[in-house]
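Shared chain: chain A. Partners: chain B in the first complex, chain C in the second.
So, the complex of A and B:
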């Protein structure tokens, strides 16, 4: 069963990924298996995803992340919250984030 | 800000090269993790061919590298990443050379060596890359002659004639 995400929860990037800006793209490679597989396990985040990833620093709650995004982007908070929850689900499913 | 898909899996044809690749390689190896990536070029043919998938591992200290090891290093003159074989050692660093190149070897400081090739895969199966104890013989042949590819081809023909199969086939 999918875990319900709490808006007051704090998340940060997992130690089990390597993430870098590469040739204008934000690349994430999982390393939990002990091998970073650039052939089969190379992921990229789109611009929205990257903007959210940068704010998931293990200090801000998701609520604060949404507030910060609202200052940067001209979009309603409800919509931004959906974006944050959307990416969080994808990243948690692949164990790229952990609770901070 | 809306996008339907935030996280995308890149296909295996995505090419990351140059400094970006070296940066990524450093980041992975620093975590004590191996990196799998596609080889390019022909300088290590027949042991490593373009398109083969190499598993490169961190090696700890330079002392752990031995004669015949195949390593990824930054070529001092060009700053390019190269995968070749250690064929000797001097006070100034390792003597490193491609198995299939006539050009003189490189003298490479230990700090330029980034990782050790642990496995080579070709078409999804492990390929023979002379990484076992026989690597010392390969190092000798590579350093002193360019006969190695010829010898390998000859060996394959003999093997086929005799119907001998290796564990990689």
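So, the complex of A and C:
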């Protein structure tokens, strides 16, 4: 069963992945096996995905991440929250984030 | 600025990652010869030094020096490093270097003879995958043939032990072979066995045009020359899957077969890649150890070598009249393995035709119907028409 995400929870990148910015392409590379669905794949985050990833620093709660995003992006908080939860699910499914 | 409504995470197959190719990274892959020493003593090897060559060992890059090179490679956008040798697993710090590279976010391709693969190493590969299939060269299917090549007692059992450990723990690897007098009758047996390896998605490749010693040790070169398949024998191997070979050659000829003129470097050497030798010299490709082509990384950087030094090397033009008469005008350039590195190891210059490679290319061209029985490809004026006829029939 999918775990419900708490808006007050804190997340950070897993030590089992490395994030790299290669000529403007933001990629996440598995280090430990089993992190990705398939070993021979790398993962690329789009701009909004990267903006969210950068704020998942093990200090901010998801609520604070949304507030920070609201200062940078011209979008309603509800929409931003939906985006944050969207990427969280994707990244947690791939074990790229851990609770901070 | 609005948030995107697109998917946040896109998966891409690493091996087809066109994003790097498209953006022409300064460095997308790096070869590192971790040592020239090897625990085997193969009859055909172009580089191996004895396992206990302390002079060589003492000159090898230290762990820290290798880590510094890897760190710079990562900063330049490099995605993949190949650890080769000699036998790279001989390095006592192999695990440390492997982990360092992987933690930088580099994929690691390992070229090995498999004899030094231990349960501990396999566990490491299981938990922290190289993200590239390990590549293993197999020297024979029987102890007698294998060890006639490696000249090392116990190497057959050691290699099979390593291979079985990888199979047991499902660590992806592929195999390739060196076709040599002691093992060439075992090709079918090797292919049948290789086909059952779960990660072999195509038939194995073969080394048969053996490179001479890359440091130009003439006393060993005569023996290596004697081990090479003749041009006719090599054609038999290349065409043993005739349809596949012909189809591949049509695709290849459509793109790459044309005279290259005076320009010596028509390959991709030094463009987005290069090879660091065991002692810290950076060279455009693994075989090119001509002193004029070596950049000392102990006093410089990968970036400087790639941006400046290699660019100058790539501008080199041929001067040798024989090369200018033949290779510069030969439309088989793409088919032929002639290159500055091969010229260097065979003749000590960058621009001398290598007769053996010329012969191999001409035998293939005759088989494909590109030239007649006694024709020389460099004298062929209507080569474009011939290529068109070949690729369209």
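Methods note: the second predicted complex is superposed on the first by the 94 of 100 C-alpha atoms of A that agree within 3 Å, B and C clash if a C-alpha of one lies under 4 Å from a C-alpha of the other, contacts with A are read in each partner's own complex, and residues count from 1 in each chain.
Throughout what follows, contacts are C-beta pairs under 8 Å (C-beta built on N, C-alpha and C of every residue); 3 or more make two chains touch, one makes a residue touch a chain.
The structure presented is a predicted model; accordingly, all values stated were derived computationally and were not measured.
Of the two partner chains, neither chain B nor chain C is touched by A:85.
On chain A, the surface touched by chain B in one complex and the surface touched by chain C in the other have residues 18, 20, 22-23, 27-29, 31, 36-49, 51-52, 69, 73, 75, 79-80, 83, 86-87, 90-91, 94 in common.
Those residues of chain B that touch chain A in the complex are listed here as 1-3, 5-10, 12, 14, 16, 20, 23-24, 27-28, 31, 33-38, 53, 55.
Listed in rising order, the residues of chain A touching chain C in the complex are 18-20, 22-23, 25, 27-33, 36-49, 51-52, 69, 72-75, 79-80, 83, 86-87, 90-91, 94.
The part of chain C that touches chain A in the complex is made up of residues 1-4, 6-15, 17, 19-20, 23, 25, 74, 77, 79, 102-105, 107, 126-129, 131, 172.
Interface residues of chain A facing chain B in the complex, by the touch rule stated above, are 18, 20, 22-23, 27-29, 31, 34-49, 51-52, 69, 73, 75, 79-80, 82-83, 86-87, 90-91, 94, 96.
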